[in-house]
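For reference, the structures are reproduced in the following blocks.
Shared between the two complexes below is subunit A, which has subunit B as its partner in the first and subunit C in the second.
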Partner chain A sequence: MVQKYNNKISRPDEKDGNKVQPEAVRILTDPDSWRTGTGSGSGHNNAPDPHSTDGLCLTDGNRVAVVGGGPAGTLFSRFLMRTLRRIGTHIELDIFEPRNFNYCGPAGCNHCGGVVSESLVQLLAADGIILPDETVQRGIDSYVMHMDVGSVRIDTPLQEKRIAAVYRGHGPKKSEQSHITGFDHYLLREAVRAGAHHRPHMVTSVDFDSGHPQIKLADGRKESYDLVVVASGLNSALLGLVEQTGRGFSRPQMAKSFVAEFKLGAAAVERHLGSSMNVFLLDLPHLQFAALIPKGDYVTLVMLGDKVDEGLVNAFLNAEEVRRCFPDNRPPQNICQCLPRLNVTHARKPYADRVVFIGDSGVARLYKDGIGSAYRTAKAAANCVALYGYSERNFKEHYWPACRKIVFDNMIGKCVFGVCHLIQRLTFARRGVLRMTEQEQYGAGVAPRMSSVLWDVFTGSAPYREVLLRTLHPVFISRLLWNLAAANLRLPSARKRGVTAS
Partner chain B sequence: MNEELGRVYQDGEIIITEGEVGDCMYIIQQGTADVIRMEEGRPTVVDTMEAGELFGEMAIVENTVRSSTVKARGTVRAITIDRKTFMRRIQEDPSLAMSVLEVLCHRVRNLDGNIAHLKQQLESQRGGGV
Partner chain C sequence: MSTDATDKGAPPSGEGFAFSPLKPDLAPKVAPCQDNCPCGTSIRDWIAPIAQRESMGLSTEDAYTQAWERIVDNNPFPAVMGRICPHPCESQCNRSDTDSAVAVSSMERFLGDWALDKGLQLPCLTPAEERRSFGVIGAGPAGLSFAYQVARRGHAVTVYDWHPHAGGMLRYGVPDYRLPHDVLDGEIQRIVDLGVEIQTDVRIGRDLTLDELRDRHQALFFGLGAQRARMLNVPGETGPGVWTGTQFLERHNTEQPISAGDQLLVIGGGNTAIDVARVGRRYGAEVTVVYRRELAEMPAIAAEIEQARAEGVEFMGLTVPLEILHAPSGELRGLVVQHMRTGPTDGSGRHVPEPIQDSATELPATTVVIAVSQEPDWQGLEQAVPEGPGPEAAPPGVSSGGDVLHQGIASAAIAEGKQAALRACDIEPSESSEEHESPKVKTERYVHIDRVADHEASAELRLRNPALEVAETISEREFLAEAERCLSCGSCLGCFQCWMYCNAGSFTPVENPTPGNYFSFDPDICEGCGKCIELCPCGFLSPLE
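Take a look at the complex of A and B:
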């Protein structure tokens, strides 16, 4: 059913046939020398700033390198350039991104399901980043939750499409969609508009020269900067090399996910999925979460779990609840697939003097809203660098708190997903959840307590802490208990009684 | 238009109404909308907004009623930003307020220009009448 997925994720260092030399990396070996360094190639105009405790504060002519042109790198660049413009500081900022986001398939893609959450769409808009129509492949206004005991649709209360399904690159392999602009391409364009320079080169290592970070490019050139921002995601060899230096940074632990694209045609997508994301709570071992996301002519499948392999993908695609979402109850052969990694823990100490790790390279939200984590860490790092400085102490005081908030929320997220996993396992629990959601969606005047919990778990719109607190509300608990009893005693729900929401 | 983000308002449809309590602000994704105020019982178009422009922010910032009515001119698509999401995020990241401040500054500049223009007109009318 599913293709044997042997397409390796192309790593930047492998793509150009250049093997990264570990000996080239000596990051963080001499932090004291970085503070006092006067290396070449940068502005070196580090006049002590009254707000920077360590004298490392951006001034006119300084140079910043951002390694990675995904959402974290481009959003950081845009935020930093805009804030510095307001302050009246002029710097040089280079984004190193060798990938051409105008290529279809894995070559132009940053390997992700491509969902911009409800809260992130709003925050981007408030920040002046209004996603253009050619980037949004489908506005999502509802979720359909599928379980073996039944399915239920959860609508957004405002009849508004506030979740964006996007392509990270230029669409699936051989899709040849000339009219689209990938999400990453759009953000890179915005960063360049804000004054950043895009340099389509691969960075193979980060070293230090007279105290200043120095990056080495695939063609052997070396360039010095005042600050290096690592936003290379998880699929970069750079993180492993930095880790080996033994200076405190250790990269996040990762799990594999599975992303595949199915071509159905726009009419079939509209008929079978419409503007709903379809999520599945199925009792399959090792499966944490799976979703089908409609996008133009295509449907994207995302599977997350602790051990996603071919057997699990096949079992999932053969499940009746999944087959029903495709024409003729049969998923077609996928045309594009990858096994991207996702964070399951955070990086240890993702900062040092003149170096900071953002997005997936540093801290990301557990299972959900990776682009939202990129936004949060990018903004916190940009504000820290622009307003306070870029010493280790500055990052610890003004960047790490934003990361710590995500880390703490992820701990609660583990409990939330533990409960979800339990529901996946227990048929009587699934019946209760389904009934309670149906009561809320189809019954008149019932407060959407379960619906809002499920909505926020699926969309990643609210912090896990908030989701957990809502489930601890006495009314939620009593209503869940009642629905568990009623569902297992087979009492008809509002939907089955034919009641419609007012 | 039904695949895109936001909600679609048809020509003439009221998006927000003067005097109503508001809990969100709007960003126009596509189309044009008129800003209308009731003056001496008569509706007066005081501004026209286009794609990318933000409105309804005053009710969020001040927690008061809408100061104007906004009506779709042709088909309009807009997305909303909840007060709760916005205020919570500003609490964590005050720099988010800068974008709204920029909009407000821009609006004040325009209003200053309009007032100066109207004063000039008024004075020239008075001068002509003497």
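Take a look at the complex of A and C:
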């Protein structure tokens, strides 16, 4: 340690003498730093920050490994590198992402529907990340809700296209669309611009036995880091391996979803779907939510539920409401499909000394806006690491609260989706919801109470708590009751009247 | 724009949607290198233990041994073939699409030399229940390959050859600068060490009759080669100063060199002609190769032609010999040739030359070597001449292989020797000749690595040291780097992507991985998303039909 301390002083790039002094004092006064800083290599100077008492704080020359180059990993890297630059700390940050996002199909894709919610578009913009045109495949300006009792279109509250439909890879299998920059590819580039290194290697295990976490690559190489950030998502085997390392972490429980791409051609997409995301509330067992998202030449289908399988996919795609959205009333054979996993619970203790789990690997928003929760957990983790430290205690005090907020909101979300599910099953309820929405969309001067609730449930733009509070408003309840009655008594709705008048 | 979707459309028509699962097929696949190897050696599978030694926990020495043993399963002459084989395996290498083919020849040579250096012995197989006795006529590549394959299965075998040493064309036809005799001797000795008896200086039909042979052995193999040169049938071709290619090379290889004089003319465009020309340059003669078709159509190995050119050999295409002229004293004076022009193509796709009127010219020469073609010499063995080319044409208990059937490269002779040996031992050949698709390798996923450079000595240095090998063996570092270049077409190389990204967990790493076998796969768990097939870089996972 003394030798390392000397190294530190003699480093040629160390211009500011003040930086040496407090560290020297800290090392000498904090016995913990001796124990935690015994790894090999001159990079392991684990001098604690004044805010921290357990001695795990980033200092010059530290090495951070981010396992996974999806939104969580890349946003974390960008946040951390930019914050550290402002503080004046220089670290090495390696993002391990074996995929080449320039490949079409699953080889270059991170498997999801690819909808960036309006709140996230704004958050990213505020951070200086403006999604370029070649990344946004389509701006979504409306939703069409399909039910067996009818369909209704819900426009954005402000008539703007603020939701972005993106590809998570380089487009569907064999699509050869050279002008595309996938969302993940774009974020990875931004992280590299902020000073992170992209290393195209696959991590096959993380080992904590020797104090410093060691990651093992597929080619057998081992590398030692000061901090490992696991952002591997749920769709890789790595999380299961890390779980076995005995650091108290356990994986989130997952459900299977189905994502597929259908090629319709730009003209047919425009004609049949336009800039609308088509959402389906169908009475099919185990189906929680399904949507068709228009993107360039393709339409992406996303199906969520507690038991998505071949039978459910077939039943859904053969349903009349779904077939109507395709040319000739029939979906073509899909050209790209996957069955990615999504979180239904959160990870237990997604942090320990020198390791933190972000994005889907840790805590994610229920069913919706997984990229948004990746953003939030990445930012919270980056702030914690940059400003406080990377000990278990630091994460517990400064990272976990952000996760807990999502966990709490998910509990409310479960109730919200429970109600949705009930509506899916009860015909009279579906009629009432449809009528109330139609009244708001087609009638003049009616406050969009149901529309905004549905909008936020489908887009994931607002916390579930807010959605729930809005449905508890007396005006909402009374209007819903009226519409339930009116719809089931077959009274004409604003839309029907409007249509006959014109 | 959403009205289409919101209004009730026509009732659904046609077939409904059906989810089509895309499951992977893990059946073994044949790499293009193996497809193009006359020996049928799976080059990919012997490179694999070297390239993947770390995944399998092998030391370099163990990896080399494994690789070498895989080669010698088919071909007991890796050090020889690494030097002289034109390596058709490299021609279809998938790596050629990105940078250049894997240098299989250089690697095979390195391994062959390494094994000679280490004194590795050829591995024996489980001995056959009934020990039989085989007689082999001809100690060339075909005969020795046959002898090796039967001996390692526990049979007795005696090889007869009328030359003073074993090796056939490898010894008497290939010049020492391409194949040093100690390398050949080393690889033949290993076959002798298996218990193979080689009787040299024995001519069947003179020293031993065919009937005597039949009494001694239960089955015979004829690997006579094609030792007798075809002549041109032009006047003067038997006079002094005129030699055949085989005579010329045999004299060179038995250290009784022919004085080529100042001007050597070589007639022919095959490998023998090029070898003669290059030996002639090493004797200090000016050498011109006279070939009757266009130079581009010469059947010799292209690299050899290039090296000959670098050594100063001149080439005359579209030139046909008419007469070999001798002075009244009998001394050789020159060669009268007729110049030709390109005519229409024949059945083989080559152009048939047409004579140009009044273009006969006399080329001065001190030596003329006729190296146009060779044929088997069945003298004394007339009753054993097969009636047709295939193995079924041979009488019972008799088989043959190598140049005696059709002239080809040594690799083909070794392959025929092996196939005849397997038939003689009643073993069904394991490699099926069924049509198969080449594995679909995603070459764009591999990084660019340059092929190992040739270690060719300069032409000037080669001419100054006639016995100097044209190229040196590559270094171990280069050998290991070259092994990394193999794409492992159609065989799992343990990249772990299928396992890592399979949501269903259908892939399980096996405890002791071997090349091509890193994971066990459970088709019942597989959800049929097809992601693994897309991810697999080497084409091992293909869509299940």
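Keep in mind that, in the parts below, the second predicted complex is superposed on the first by the 456 of 502 C-alpha atoms of A that agree within 3 Å, B and C clash if a C-alpha of one lies under 4 Å from a C-alpha of the other, contacts with A are read in each partner's own complex, and residues count from 1 in each chain.
Convention: a residue touches a chain if its C-beta (ideal position, glycine included) is under 8 Å from a C-beta of that chain, and two chains touch if they have at least 3 such contacts.
Source: prediction; values computed, not measured.
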item	value
Contacts of A:Ala218 with subunit B and subunit C, given as first, second, both or neither	second
Which of subunit B and subunit C A:Leu454 touches, first, second, both or neither	neither
Contacts of A:Leu123 with subunit B and subunit C, given as first, second, both or neither	first
Partner chain in contact with A:Arg162 - subunit B first, subunit C second, else both or neither	first
In the superposition, subunit B vs subunit C on subunit A residues touched	C
Overlap of subunit C and subunit B interfaces on subunit A (superposed complexes)	275
Subunit A-touching residues of subunit C, taken from the complex the two chains share	1-2, 4-6, 8-22, 54-55, 442, 445, 494-497, 499-505, 527-531, 534-535
Complex interface listing, subunit A residues touching subunit B	79, 83, 86, 119, 121-123, 125-128, 130-131, 133, 136-139, 158-162, 164, 275, 296, 379-380, 383, 402, 405
Complex interface listing, subunit A residues touching subunit C	98, 100, 103, 105-107, 142, 144, 146, 150-153, 173, 202, 204, 218-220, 235-238, 256, 270-276, 278, 310, 313-314, 317-318, 320, 323-325, 328-331, 333, 337-341
Subunit A partner contacts - residues on subunit B that touch it in the complex	2-7, 27, 29-30, 52, 79-82, 85-86, 89, 92-93, 95-96, 98-100
